[in-house]
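I've put the structures underneath this note.
Look at the two complexes coming up: chain A is in both, with chain B in one and chain C in the other.
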Partner chain A sequence: MSSATETASRSLSRTYDYLFVGRSRLQQVVVAAGLVALLGLVGAAVFFPETAAADLVAVLTDSSTLAATLRLSVPIAFAALGGIFAEKSGVINIGLEGLLIIAAFTGIYATDVTGSVWFGLFGGVVASTLLAALFAVVCIEFKADQIIAGLAVWLIALGLAPFASTVVYGGKTSASVATLPTVTDMGLPFVSAFVTTELGFVVDLPVFGVLDLQSSLVGLPFFGALFDAGPAVYLMFVAVALSWYTLNRTAFGRWVRASGENPKALDTAGVNVHRVRYAAVLLSGVLAGVGGAALALGIGQFTGSGPTMVNGKGFIAIVAYLFGNYNPIGAFFSTILFAGLDATQLTLQARDVFQVPRPLVRTIPYVAVIVVLALFGRTRLPSAAGDSYDSGEGE
Partner chain B sequence: MSASDRARSAFERIVTASGVERLLISVSALVLSILIGGVIVLAAGRMADCGTAAYRLALPGSFVTQFTGGSAVVAMGFCYDPIAVYDLLFLGAFGDVLGDPTNGQFATTLAETTVLAFAGVAVAVAFRAGVFNIGAQGQLVVGALTTAVTLLFVAPLFGGLGVLGTVVVLPLGLLLGALGGGLYGALPGALKAYADANEVITTIMLNFVATSVALWLVNDSSRFKDPDSFSNQTVPLPEFSQFPSVFFRARDDFSVVALAVGVLTLVGVWYLLTRTSFGYDLRTSGIQPDAAEYGGVDADRTVVASMALSGALAGIGGAVYVLMMLGNFQTGVPTYGFDGITVSILAGNNPLGVGFAALLFGVLKSGSIVVQVGSDVPPELVGVLRGLIILFVAMPEFFRMAGRRFDSLLPEREEPQGAVATDGGVSDE
Partner chain C sequence: MTDTDAAVRLESITKRFPGVVANDDVDLTVERGTVHALLGENGAGKTTLMNVLYGLYQPTSGRIEVDGETRTFDSPRDAIDAGVGMIHQHFMLVDTMTVAENIALGNEPRKYGGLAVDQDATREGVVELSERYGFDVDPDQLIEETSVGVQQRVEILKALYRGADVLILDEPTAVLTPQEVEDLFAVLEELTDQGKTIIFITHKLGEAMHAADDITVLRDGKHVGSVAADETSREELAELMVGREVVLEIEKPDVDVGEEVLSVDSLSVTDDRDVEAVSDLSFSVREGEVFGIAGVDGNGQSELVEAITGLRNPESGSVAFDGESITWDSRRERIDAGMAYVPEDRQERGLVMEFDLVENGILGSQHADPFASGGRIDWGESRVHAERVVEEYDVRPPDADADAVSLSGGNQQKFVVGRELERDPRLVVATHPTRGVDVGSQEFIHDRLLDLRADGRGVLLVSSKLDEVRGLSDRLAVMHDGDVMAVVDPDEVTEEQLGLLMAGERPEEIPHADSAAPEGVEP
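Here is the complex of A and B:
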């Protein structure tokens, strides 16, 4: 057996383990049904190209769907990473939605004032981190109920952002500002030119077969979107990898986990639990800030009516990391799932393929979140999550 | 037990426990939120553009300089005057209440209060059972929609009966709202009880679903949209099926009858929670779930029942909103559900306290209209205050620390101890 087939079979068995082992019968049935449905859909599309199934597959495999998925993943993934750090350290940060909202508005405002999207991004991060700091003080210093304080953070941002937008722009929707550039128009030396150059060669790979690289990287079917995304998308990939490394391979990561599982032991070992929790919550503010600012700067405008442009993404992020079992990589894949559903419904709306009423299609991601939570919500919280820690000193 | 004994024991019940402390925390949180809100208004005044400053902060101020002569050393102008804003917000909501007790603005205040009382008590019931119902908004929307749509078909059957028609149809409308909201509340309750799905997330997601589905139902005349209207709304209900306006003018959309129903509901829920075995089970599950289970309470069923009750109360709020204020269902329902969270938390999740907190928020909501008309300050300020109040009530430790510091300056007194006002009996170390 060649090493390539060995690797393939090993990754297959690991995927099987991840999907089925240790799950309840109901969960196994649902996962299996999902896989069968997916295979059936692809099969139907291949053999009956004139049907609705083929249309759906065409939507799903379109390069623009992947582009939208990546774009929509950014706020959810960053917020989810932030939520992992906070919750692993023992502070349940249910106010992620509020951090996204405040970062989205400040991102636009700072871009408008400074004229640079990068300063805008930075401004959004600062605003979100400040709000996270307030949340941290309230939870850690004043031992507030974390759920209620998190709700307060959300509601403060939900009030403050439209308020500030009305003060500055005269309405809940801001003026339009510049957007974050994508790779092709970022003017990066070499890279920007490279991704659009026609490659014009064919690669013969042992397992995948012949890979046609006649077109440019950007022009590749489906995966082309990977080479023409905004900087936030690449930042997201880096952040996911770094978060995983930080949590699992560094001393800080060990402290964060200990602070959530057994704060007393961490205290005994001579590490200040409060300081670790402050760092983790501030980090969640920084990460959510990048996500929120990137969300708004991807569009170039802040929309503050109703649930604002963030529209529940902070709460979806919480479900994403619960579904990913507090693992940054797992959280990233569940983010892709939710964002993919959202991107699909957006493309379906735009193309009007199935004549499904728009308001109903729009509920798909929210319903998916409820279903996922009901089926896979039984995750094990860090044992000290939700509790304030009192070292018994300084009283 | 003589009457005076009974009065004394009642008085003791109020003073002891942590009642006074809760009240103090709520009042301090309110004052602090208003102060910070004022600072935000000042800051916003620096961000906005205006020709002349509405408010000037000078050091030393004009009170000093009028005696000493000269001018202020440091002076700063602001576009908005926070004191004027609060004047409009709090006093504007009452209108000319002494001269004309049934004036339009005061009617709006009371109408908002009525709906908020239902939303607030809905959240309070769930909180007392240890369940965070953030979905009162969605339950209210579903209740409002159920009432507005179903009564369209039922009300004409009772058209010729006059007052009798109102007596039959109006309670039926409230019941329909309770049914719709109750079922929509029971759903996340069941998901929490039997599938361990966190109710904070599911209820928030269901809010989005409710808004979207409601929009779908009323955006096309093949469904329930009023074909004669350009906006997304249902056909108006006949006049007799709505709350009658007693004392107040009909165009002010307020009914004393609805307010009375609200007050009775608050008292009823208070009685249910404190004087019945169901209420006892519910509160015990909130404070000590394990003990409740040991005592023979079915925890799962209690969660579902409390969420159903909570949703039903929110649904009645939606029905009242339709039958008193709108006369039909329209998309873009105000955020009563979120205000209800603040109302409940401010009231320490006490159904009777909800009445007072609802009045306060009724004033804020109605006053925000006065602010919008009378100043350049965006009425969204109330949304900011809503979040700040929750934040401050959630940190009683802050006020205790402040109290201790203040206490140490005074001669010996007993240190206040007691339950946290906002925990809904959930967290206990």
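Here is the complex of A and C:
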């Protein structure tokens, strides 16, 4: 009996070594994601009769689950990217949640006023950036404690957005406005307009070819969702790639990293640390703004009761980028993992397969991050994160 | 000296801080293509003067001339543009970036119309520079994976990359091993051969005489003399520095040794990467004895000391204090038992930098008499204690309310040493007790260690300064690669023999100390 458990534990540890040891962070995140999903499935198969497990597999492989995952990822991924820039530069932006909230409301309001979802998106970005600017001034110029200032940003938005909604719409929930269209909705006029005006040539056939291709791709099992998402989803892909490039390949990215690791080194190299940090925090406002506005405009309504419609996504974003070790791509995959869990749970409930309490699912990211950080412990905080920098005469 | 060939001329520089005159009417002329040493004790104003030249401080009065032109530097940027580069005592490098990325930081070559960093051009520039000056650096290595010596070279390359003709080095040898110091001096020679001008700040006489062409001595913020290195003597320089004769020899009275205070038995310790750093070591320290440990840094001394002081758990073996095992005792239990510890890194482990000296002075005894009374701290008593340490150990400025961070490195060290030695310990574990401390204070710290010895206390001394560890020790163990090569008699052993032992070789005949080679140490 004991020798059996011994062999079992030994083979388990061998499997563990094989899966995780000597792998990069990114690989580990992917492996962990796979394992969690697999274990969940096996667990379901064990605890529920065959039908439920089979249903679960059906849900997991359904293209609508991927569609929901991508949709739910947008605000988290954008906020996470923003958080990476801010924290890499040495300013811990714990107020991402607040930025999402303010952008969500302003996105709806601006759409309502201007009648255009695009202006709405822009309005959300502006609002979020302004709030981030306030945060930046308080933290960088006046050297306030970043955690406390970040909490203040959250609390300000948490109070301000529902209040504004009450003033404008007479309740914490706003009126309904237009939503961001999907690629299919935008259809031929959009695609051909895009090809003619943006790419500068008018060709009929390729346009129809593109459309045909798109509509046949949409029909693909599971991955079809990738070709029928809203513009925010594609914007997210672009933003992830661009963020990675900016951080790793541009001079600005290097300054951001140096500013978070050793600001004095950057200062003595003749680069203004404060300016770099302002840029990074404002960028986090812009990114979180896109995420928050896209969240609200995907539904067409702002819900301001309780924790608002943002409901902790800004905090999950922080977990996601920690999980991804400040790598935009790692953060993106963590986001997909967390959003995927949420989406699966939603679909399960919608189909009435079995009820997983939503609050329980929502704790998974936080539990996962504790387990993973304890297990691997490879997330490396920028050395100077949280410290204000004084370029005055030192020593 | 002809004015035309001066790379740098400082005239009547005065720099006042509130309440202090750091530089008082100082003149300095540095010839082009020479190495100029700026010599002085801690707090003599050497670094302040160089910070003025580098644009970090603006002089209260005086004139700066670089390449025959009068300049005012509002910031280091201006100084860099004028060809003046400075390598600070604490390196300004980003650990998580590569050598090349650090060198180019702030001056990155661009491509795609300024959009991206041209990494190939960065690398080429760095490789080209390091080849020209014979530097051995790998541009793709991460800074955190390089040794201190390499980091210093990266700092020098950084200055050269920005076009510096005059290089200021602040205490460049403080953090280097003897071998690295030799390498550095070779680099300095190569640089001056190619027309660069070097100013280096030091408080070590030997280095100034060895590496410099000219030496300028500062004392209490005043210029007290400029001499050519080959026309002076250690005694003359020492006198200029401290204004009185310094006994460079250490006199050690005879003391009767007593019982074993500390005994280490078959101790093995691993380092942070889980690699064995100390292998099966045994030795003991007796009452009235200074037991020295010499060796090149990084041969297990740190891990050994951490295991003895309770900062690291050993893999196997035991540590006994006064005959009782303390292998698994906590720091507090060891302090209470009478073990004082002067840590290697004063800023990391010796002080809370944001605390003032009153608070720092009771660290480790905050729970004990006379500082604790009924769960509260008696700040009056603490202040008296801090003031006594400041006074006795000549900590400058003599202000117990000063934050630790505001003190210079040497004064921080004096305060830590003072606090630890004033614990009335049974055993002092002192690692590099005089690192970064000026000559006068070194002498004082040495005397205090010898007083403790005369008083029948044990001293375990780890130091990279050979003359210090030889002068103070009764028995001297040489460590190499986690092992004790030999326990020798410091009075008999020659420098060559020590060098061989430190390099891991065993000379044929070595003067073993009496009762040397305790059990467990293989001869």
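Here is the rule we use: the second predicted complex is superposed on the first by the 293 of 395 C-alpha atoms of A that agree within 3 Å, B and C clash if a C-alpha of one lies under 4 Å from a C-alpha of the other, contacts with A are read in each partner's own complex, and residues count from 1 in each chain.
In this text, a residue touches a chain if its C-beta (ideal position, glycine included) is under 8 Å from a C-beta of that chain, and two chains touch if they have at least 3 such contacts.
This structure is a prediction, so every number in the text was calculated from the model and none was measured.
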| item | value |
| --- | --- |
| More chain A residues in contact - chain B or chain C | B |
| First, second, both or neither for A:94, with chain B first and chain C second | first |
| Contacts of A:350 with chain B and chain C, given as first, second, both or neither | neither |
| Touched partner set for A:241, first chain B, second chain C, both or neither | neither |
| First (chain B), second (chain C), both or neither touched by A:38 | neither |
| Which of chain B and chain C A:270 touches, first, second, both or neither | second |
| First (chain B), second (chain C), both or neither touched by A:262 | second |
| Which superposed partner A:113 touches (first chain B, second chain C, both, neither) | neither |
| A:250 touches, of chain B and chain C: first, second, both or neither? | second |
| Doubly contacted residues of chain A, that is, touched by chain B and again by chain C | none |
| Of all residues in chain C, those that touch chain A in their complex | 47, 51, 56-57, 76-77, 80, 88, 92-97, 101-102, 105-108, 110, 115-117, 119, 158, 408 |
| Touching residues (chain side chain A, partner chain B) in the complex | 94, 134, 138, 141-145, 147-149, 151-160, 162-164, 166-168, 172, 306-307, 311-312, 315, 318-319, 322, 357, 359-360, 362-363, 366-367, 369-370, 373-375, 377-378, 386-388 |
| Touching residues on chain B, where the partner in the complex is chain A | 40, 44, 47-48, 132, 134, 191, 195-198, 200-202, 204-206, 208-209, 211-213, 215-216, 219-220, 332, 338, 341-342, 345, 378, 380-388, 390-391, 393-398, 401, 420, 422-423, 426-427, 429 |
| Chain A to chain C touching residues, read off their complex | 245, 249-251, 254-255, 257-258, 261-262, 264-266, 268-271, 380, 383, 393, 395 |
